[in-house]
């Protein structure tokens, strides 16, 4: 049996157990940690101004997710992004609700200056960050399908130097030249909070152990899509069971990929 | 088969997917988002001082839950309540542990000045907010049964202009004149954190799509009681399974109510 | 059938339902509350500077967990520890990631001055707090087995006057003289976020109702190990199911211990 494309990336996570420094939001912090633990990574959430910078320098990769901002969390994000840049650590920017709220749109633009390795968002967030007028979503939800943001994603990848990932029914990942499609998953992934945010964290975990960012972003998307498909079959009674099965499926994928 | 009283409200949530702006606490933020997503609403947690006001103006409804306060969260709550009032957006005040702690009791009284549409709490919280001496609970738990706070709830409804909801073994909802009773649910709902807090969020979701606040508050209580009853039958092995089933039941109720 | 050693402690929690004031982190706050509720305790998270001190004086016990620090949370921790000391309330210090980050190492040393009743951590955290050079862990994970920190734990217990608990494949609990071993549990406990943090909270719950801190800490460890063993048998499909079963098992243990 041929193993899936993403198996070597997942095996590397399970083997090396990268330390993933997450600056994320109060809604999904627990779920994000559980997703990373299921895959064998080592999550650590450090979000105060004093520690976020030094910790970014020793972490395998950093996630900066703009979900629930605060003055101190913003200072910590700036420090972590600057430290990651300075120490050449890969880092992921997840521009939650950018476009819908001006304050965080400015913050995201500022953070782009520290050279994120990957930018992951839904179509509205990516298009807004790329400067497409009228792309803003509704709260944290996109009002565009992911395919509609592929052009904006390519532009953003070219202007920022980052790999850009657009999440949706189909995920797209681009370095500005190639555009890779990742189909699969299940609509129930939108009925559980934090699946998109956790995807950003999984991308960070893979960036810590895989040298090519385009491969890391694509494989992370494919791993989460595969787990979502498995968790949806047979149809679960509802989103509660689906979330439990999603963590189980991620754990099983990690076991299957293990050497 | 006649559909339940609350079915039209739930159908409206599933159809319109209202954007619910939640300022809530770190303990229940994830569970609250999952409850809203299960029903088809669109939760977004924004709790910084810069964004909470502008976001309240575009949301369908706002929840202000005093669970884990911080200086910045309080500033955001003041801004959100003022903006909701100014933009005539419905908003729910959940006065967690008011009466037990003086600081938040003063904050809750101040927020009353911005005209919450619904106030939801347990008996001790509602009685304390109504000014009943000696009503204070123990931490976040009530030391009174919900029925004992009905008089205080009516008074608070009259003095504040809000619909007041008292949660307990029986839920009571009043506009100061009528008092509606919502029985049902299960004692396991007190063994899972955040069920009461999530009820406040569901009330906000219904307020965004139902014009009458008394109806919205009653239907939200009835929906959560129904889901709780279903999740408790057959008896689950414990509170972990019960919480999973509760989300499943909410998702199923939304499907059943869908057009 | 003889009941287990820890049954009287658990029965006391279920009967007295102690109010446990938790200053903890955004990752595990919900899970910690659910663990305490499953056992019949009454958790309340209060983490603002104004309320943390007064609330510590009325709580049955206090937990100070350094997971996700912020300026305000630190001020609240100082206030809570000082108030607990002043009011002779038992309190637990959980020095998450101490040794790995200098800022929190200094904070933990300062908090030692308020006489924690119990200090609970993994081997790297305990050894670092005891001043062992080179003991620092990797993020929130230990790089030593728990047995390697027993000597450091005894020293820390003697110098601080606290009972010290080292968590790992075997848990060790010491007052500086006796060292008690608690075997059991399952490796899946390390694949779910917050199990160690929740153990600190359970220790606080037991301290509120059991007079001897060494007994309280040992029994808390044994209760969580027993629940972990039960949740792991038969082998669950993955960490999602394991976490649900762990809460179920805690709820069942509390029922079994009830009078």
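Every chain is named by a letter (A, B and C) in the order it is written, and numbering of its residues begins at 1.
Everything below uses one rule, namely that a contact is a pair of C-beta atoms (placed from the backbone, for glycine too) under 8 Å apart; a residue touches a chain by one contact, two chains touch by 3 or more.
Note that the coordinates shown come from a computational prediction; the quantities given were computed from them, not determined experimentally.
Chemist: Call it same or different for chain B and chain C: same when shared residue numbers make up over half of all numbers used at their interface.
Modeler: Different: when the shared numbers are divided by all numbers used, the fraction is under half.
Chemist: How big is the rotation relating chain A to chain B when the fit is done on Cα atoms? Please round to the nearest 5 degrees.
Modeler: Value: 120 degrees, nearest 5.
Chemist: Just give me the whole-number Å value for how far the CA centre of chain B lies from that of chain C.
Modeler: The computed centroid separation for chain B versus chain C comes out at 31 Å.
Chemist: Can you list every residue of chain A that touches 2 or more other chains, as numbers and ranges?
Modeler: Within chain A, residues 26, 29-30, 70, 72, 243-244 contact more than one other chain.
Chemist: Could you please specify the touching residues of chain B with respect to chain A in the complex?
Modeler: Touch list, chain B to chain A: 19, 21, 26, 29-30, 33-34, 37-38, 42-51, 54-55, 58-59, 70, 72-73, 243-252.
Chemist: Considering the complex alone, what residue numbers of chain C touch chain A?
Modeler: Per the touch definition, chain C meets chain A at residues 25-31, 67-72, 97, 100-104, 138-141, 190-194, 236-241, 243-244.
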